[in-house]
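Quick one: the structure is below, and I'll ask about it shortly.
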Amino acid sequence: MSPRERAMVPRADPQSYYGQPVLKQPVWAPEVPFYFFAGGMAGASAGLAFAAGLRGNSELERRAWSVALVGLAVSPPLLISDLGRPERFLNMLRMFKVSSPMSVGSWILAAFGGATTVAAGSELTGLYPAAGALAKPVAAALGMPLATYTAGLLANTSVPVWHGARHTLPFVFAGGSAASAGAAATIATGLGSAAPARRLAVGGALAAVGAAFVMERSLGEIGEPYHEQAAGKLTRAAGALNLAGAALIAARGRRSRKAAIAGGALITAGVIAERWAVFRAGFQSAADPKYTVGPQRARVERGESRGAARRAGASNVGSVSESV
Amino acid sequence: MSFKHQLTGRAPALLRQLRDPLGLGKSAQSKRSATLTPRTKTADRMVQSVCPYCAVGCGQRVYVKDEKVIQIEGDPDSPISRGRLCPKGSATERYVNSPLREMKLKYRRPYATEWEELDLDTATDMIADRVIAARAETWEHANEDGLPLNRTRGIAFLGGATLDTEENYLIKKLFTALGAVQIENQARI
Amino acid sequence: MGHRVLTLDTRASAESYGESARPRMGFFTDTSLCIGCKACEVACKEWNHVPADVPEFSGKSYDNTLSLGANTWRHVAFVEQRKPVGAEAAAEDLVEAAERANAVDGFGIQTYQDGDGVRWLMSSDVCKHCTSAACLDVCPTGALFRTEFGTVVVQDDVCNGCGYCVPACPFGVIDRREDDGRVWKCTLCYDRLRDDMEPACAHACPTDSIQFGELDELRERAERRLERMAEAGQTEARLYGADPEDGVDGFGAFFLLLDEPEVYGLPPDPVATTRDVGQVWTGVLAGAAALGAGIAAAVFGRRR
Amino acid sequence: MGSNMAECHPVGFQWVVEAKERGAKVIHIDPRYTRTSAAADLHVPLRAGSDIAFLGGVINYILENGREFREYVEEYTNARAIIREDFQDTEDLDGLFSGWDPDTRTYDPESWGYAGADHGQWATSGEQTHGAHGVELERGELPREDETLEDPNCVFQILKRHFSRYTPEVVEALCGVPAETFLKVAETLCDNSGRERTSAFVYSVGWTQHTVGVQYIRSAAIVQLLLGNQGRPGGGILALRGHANIQGSTDIPTLYNILPSYIPMPEPREEPTLATFAEMQGPSTGAWAELRSYTTSLLKAWWGDAATKDNDFCFGRIPKIDGDHSNYATMLRMLDDEVKGFFVVGENPAVGSANGKLQRLAMAHLDWLVVRDTNMIETATFWCDSPEIETGELSPEEIGTEVFFMPAAAHTEKDGTFTNTQRLLQWHHKAVEPPEECRSELHFFFHLGRKIREKLADSSEDRDRGVLDLTWDYPTLGEHAEPDAETILQEINGRNLETGELIRAYDELKDDGSTSSGSWLHTGIYADGVNQSARKKPGREQTWVAPEWAWSWPKNQRIMYNRASADPEGRPWSERKKYMWWDAEKDCWTGFDSPDFTRDKAPDYVPPEDARGLAALTGREPFIVHPDGLGWLFAPSGVVDGPLPTHYEPQESPFENPLYTQQQNPTRQLYDRAANPYNPSLSEVFPYVLTSYRLTEHHTAGGMSRTIGYLSELQPELFCEVSPQLAAERDLVHGDWATIVTTRTAIEARVLVTDRLKPLEVQGRAVNQVGLPYHWGQRGIVTGDSVNDLFSLALDANVHIQEVKAATCEVLAGRRPRGRALLEFVDEYRRKAGVTGHGS
């Protein structure tokens, strides 16, 4: 194209309408990735606390419940401030919709909130031990899906880089949650009692990085955003921070409190970066029509799908849906 | 039917879900949605009108509530437009209710830099005086050959073509009687 | 696998109305009849009191509103294409035209939007009111719901602006209104339908490019139209979203296009990603399980 | 041709789309590829201002190949008429017809007349000509004719000679339309005409806004008469008018040269009586023969009892016209301080009229200005925000014009009729009261007249009798004392003053003062005491002609001259195209419409010796407003710039007229004013062809669309459409700014570079055209420079309409200079082009 030709009403582009995105950009604010982090940490911490309790590690148990409580406390504000109509946040519990991870997640968060408040409350104050004993397993059980439903929430959209990762993203978030819970407990707990926390932090961090790597690979072309612009930088940062933190804790976390704290901080930062990488990648993925049109057009060319358009003569009895 | 909705199915959505487990249909319907009606139905009256833009002459239905126009849309009865309207015709309600529309008379004195307020009757009175004066000043009884002209060219009129036939008639009648000949219209342009 | 069941149920959601359910209503937008007048955009905004926001000159042909969104529920796309220039081409068009006209007498020939040297496509886009509607599926509050007419509507008295539906829509239709915080899109004039009136855009459309009616009837009409155009040599004509077998199990508002969907900014193979919600939940639970296992391992794992 | 129907009349265009669906072919001949072209079977781009050459080519094609509808031409047109020996054609006189007077730059049309006819009254000026006036024929017969159409002086042969030079090659060289494309159009047109088929022409201001505008339409009339497409369903020449009541503003005019129903305004005469007037202006045959009855009835409607036989029914009260008192001539007098006061009502000349600067400068010379509109428009605020304020040419402190802005009522706030483009008067009912100080024009002018009459009540001046004796006692309604529109419609319809009954048809009008009618063509609109214009019987409950929806003049006829839809014997030309026919049993004309013919006049009717008026026309002469009842292929009277159309270049053109040395229409009206310079023809300083137009999303000068957000957002800014080639020549950047320059001024617009505008090869070289929509001004939600500021005042001599569809200009990249710099910038171009004079 000569510059002359470019300087006009752009002639029809086979791939898009004036290069405009097909999908709308998500409208979510920065609170959301931070909630992903906080919620994940809270959920995993509840699990850690409960397990530690069973193991008789009462210091770790108490610290982990505190972490869970903190993570829980910041979650609703983060979610509510992201709403377009915050005063209507209660509508989140107006219905229960299995087709909406956000709906189910809201119920999980609500239930987890109740259970964790009782569990942690009784743990820290020593009051109502019976109620506490009852609430602890419930909180722990709910903590696990609380940590991973957010991955399902993203995967359940049309954003190619998110939906394409519906099988892998939950593991990225699980690993991250484990890492953040472990890291927080490592920081908060004395060297003596923190061994499980350190193992969880190191294992979680490695799992998160590994899962993210697998996810990007499995995404193929539509995974491109993870290597470009903001999402690219964040992904690299997340990997580096997680590995550095894990290494530091593994190497010196048992002897040096300082090293444990530093390692915990690195992993925490790494997990936050990972959540942000996923978040930003979604925006980049939605912004470029090629990620939307490309794979769909390819599907049709390959005959895996007939697509939504049909010329005269073509049969309108699709054999496609069955073959999926 | 909307009445029936009010009586039944008004339990909290969560309970209504028992009959609509996925919560995608009726159970999600709010009370407002269940009783929704178009404003054309609750209008006080509808009058048939004609689009004021181009000369196709599309039929319009004008809906009025509390002495205010609340909706203008195509009149399906019209054999000319069959209820259809173009973007301008479809915007007619915005035109008649436009916030930019001037509702007050404005007066600008010679050499003034600002508008002033002036009431309708005074203004009409002032204009009448000016017409009479201009006419007296510029009256042409006859031309140089003494042939009668009986006219004034001191007053001119230019009308838009969105004036009614009856209005044009009255204007031409008045100005002709006043001897004003420079009476023109968009039709010339 | 599981998603099949779900989407089937999704379609059934219209039946939650029992005897008060009405035939499924929709749009057939025949872009071969569109003259790009934008009456649909204005009539829609006027009826629904959608705010206007005055943009700059876009330079994208005659399109200045650019896409569907919170404040544009009908959008007319303008696509300028180059064609073989010259009298031959033009003259031929007419000769062929004449011949084809005789071939299918009565219907005549349409060299739609076809001119000397250029082709100017115009198409009025709108919410597809999908059979399997991702926006509807993901809405946590039930603000989005399926009406007794099988259409998909947002209830502004319920929506809390969580924004989940925005990235869920495979067509980029629904969006959040900045100053208002809630999401908005075409309601297929739900209020008018309840009084057996046709939607404002279809009512205004001067050339009947936008046709409103019972979906089944519209599909048959579109089928006949496509056949006729094919006979008349208009082989580039295609139906978009008319089949129940596509990724959203059929559009409630479908189209006749004269080029590939993406040329108009439409996805060639849209999918309601929520049909995979079964897989999504499997993933979430697997992840949760893994997390639990991980914690257990960390706590009960053998001490070094 | 000359119309962009899909964009400017979208809802009317539904019928074109439907016809196309049924197999009709749609051909769009226009300089630009528009939304209409997009919906057409074929778009033929041609150079703006060359339509007559194209149509001349079609006429030549028809005549050369014998494609005319022979029987129709022989029977229903004046093809057989013999023209005077002394008639000379443009072919003989190199672009001029006989009778040319170089001093007055006008024609004496005497030599154009029928051989052997009485031409005592040929000297009717453009102001006076309404087709038939002045042609005097014995018993409405052609004095000399040749049925064989062979006589060298018969119209048919003259036509052949006149158009013989418009060959496909000439069309190609002149219009830039390839010969084969042109031939395709001509063939298609002929193939779709005849007994079984009809073709229609649609035009708009793309044809009228030229210095040869009337002859554009004459060309189409000749084509349609030759092909037998007049007076038949699916045929005709359809003028698509651009405003809700612009047709009505012509029928019942606010125009200086006519009274209601096209009765001419009188001129100063030795004997200024109704009798002489009727004799001079009315032929004794055809519908116009009753001019005296029409005029007397009008005078009775206006002056009631004061109009008596003895005072000649107050005929003398009607002011006389003796020249061009049209809008532009008046604006120029205004510029010379000769006009004191100016009423501008529902119009926006500051943006809508050609040479906007001249318009605004002129208004600064007024003593007082009254602007009535629903929105505050540029015309009302010229004294504070016109471009001339920015350039320093005007400043409020120096403008002595007193300005009254009066808010007007919208159509939903008053009763009345709009006359649509097909002569259909449709009543619109009042829905609500006008808000605050908004009032209807009916209200304002009624009360203004009332006050004037009060103030003059005891005047002894003779000149005041006219207004004092006027019938002005209309009943008023409501809190605002709104005059009753239906009463006025009844006055227009007219009454039998003896019985007091409402007139049913114009045949009932008398010249003895026993009838009144404000507009003879509208008699019957209130027949039987029913407001026929308010009939709203749903179309789906009627025939396809829908005669019971509203009312059309005359006599509710939907197709004029519909006698021509039947053959001379009164049988439909074909079953497919049957419309009106003679019913021998009932001895009357019948069909889908009401006949535009004497209902019981049999096809074999032969007028008696003493017959006059309609009775003087035979049973096979459909064009009843003509004294000979024939369609005029050749116009012996009524057109001031020639009996036949001839191609002339626009006032401003980059090309020489390849046909004659006579470059432009010799009769065109020019104004040699400092404020009205012209771009020289063939000037290299202004190499591009400029044309203006409308968009679907806006309305005319913008007062009713730039004030509405929903429309403004659809087309927010003024842009110019140019071809990629032009953009390359001038380095224009798509989406960026361009400055368009003429000798009048320079304006800026965003650049839209598009394949839809093609350079055309004309006379061996490529010409680029620039398209500019003219909707913008300084006020409203979206603003921009006003395109009409670019154009000059160069008018068609018949109708005094300005040429804004074809001019020349220069285009530059970037924005225009501001303030004084703009004036210097434009002066520079004037100097370069060798144009003297400085903007006043």
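The chains carry the letters A, B, C and D, assigned in the order they are written, with residues numbered from 1 in each.
The rule is short, and it goes like this: contacts are C-beta pairs under 8 Å (C-beta built on N, C-alpha and C of every residue); 3 or more make two chains touch, one makes a residue touch a chain.
For clarity, every value in this text was computed on a predicted model and none was experimentally measured.
Engineer: Give me the ID of the chain with the smallest distance between its Cα centroid and the all-protein Cα centroid.
Structural biologist: Per-chain C-alpha centroids compared to the overall one single out B.
Engineer: If you tally contacting C-beta pairs, which pair wins, B-D or A-D?
Structural biologist: B-D
Engineer: If you average the Cα atoms of chain B and of chain D to get two centres, how far apart are those centres in Å?
Structural biologist: Centre separation, chain B to chain D: 25 Å.
Engineer: In whole angstrom, what separates the CA-based centres of chain A and chain D?
Structural biologist: Their C-alpha centroids are separated by 71 Å.
Engineer: For chain C and chain D, let me know how many angstrom lie between their CA-based centres, rounded off.
Structural biologist: Chain centres of chain C and chain D, defined by C-alpha means, are spaced 45 Å apart.
Engineer: Compute the distance, rounded to whole Å, between the mean C-alpha positions of chain A and chain B.
Structural biologist: Going by mean C-alpha positions, chain A sits 57 Å from chain B.
Engineer: Name the residues of chain A that each touch 2 or more other chains.
Structural biologist: Residues 9, 11, 94-95, 97-99.
Engineer: What positions in chain B touch 2 or more of the other chains?
Structural biologist: Answer for chain B, listing residues that touch two or more other chains: 13, 22-24, 27-28, 72, 84-91, 94.
Engineer: Quick one: which residues in chain D touch 2 or more of the other chains?
Structural biologist: As it turns out, chain D has residues touching two or more other chains at 10-11, 14, 696-697, 709-711, 714, 734, 752, 754-755, 781.
Engineer: Okay, in this complex, where on chain D does chain C touch?
Structural biologist: 6-7, 10-11, 13-14, 17, 20-25, 33, 35-45, 178-181, 184, 188, 695-697, 709-717, 719, 734-735, 750-752, 754-756, 758, 781-782
Engineer: For chain C, which residues are in contact with chain A within the complex?
Structural biologist: Those residues of chain C that touch chain A are 4, 6, 10, 59-61, 66-67, 69, 77, 79-82, 121, 134, 137-143, 158-164, 166-176, 180-183, 226-227, 229-230, 235, 237-243, 245-248, 251, 257, 259-271, 273-274, 276-277, 279-281, 283-292, 294-301, 303.
Engineer: For a test of understanding, state which residues of chain A touch chain C in their complex under the given definition.
Structural biologist: Residue positions touching the partner: 9-18, 20-28, 43-44, 47-48, 51-52, 54-55, 57, 82-86, 88-89, 91-92, 94-95, 97-103, 106, 144-145, 147-149, 151-153, 155-159, 162-163, 166-171, 173-175, 177-178, 181-182, 195-197, 199-200, 203-204, 207, 282, 286, 289, 292-293, 296-297, 299-300, 305-313, 316-318, 320-321.
Engineer: Over in the complex, which chain B residues touch chain C? Could you list them?
Structural biologist: Those residues of chain B that touch chain C are 1-2, 4, 13, 19-30, 32-33, 36-41, 71-74, 83-91, 93-94.
Engineer: If you look only at chain C, which of its residues touch chain D in the complex?
Structural biologist: These residues of chain C touch chain D: 33, 35-39, 41-42, 45-46, 52-59, 61-62, 64-65, 80, 82, 85-88, 90-91, 93-95, 97-98, 101, 105-120, 122, 206-208.
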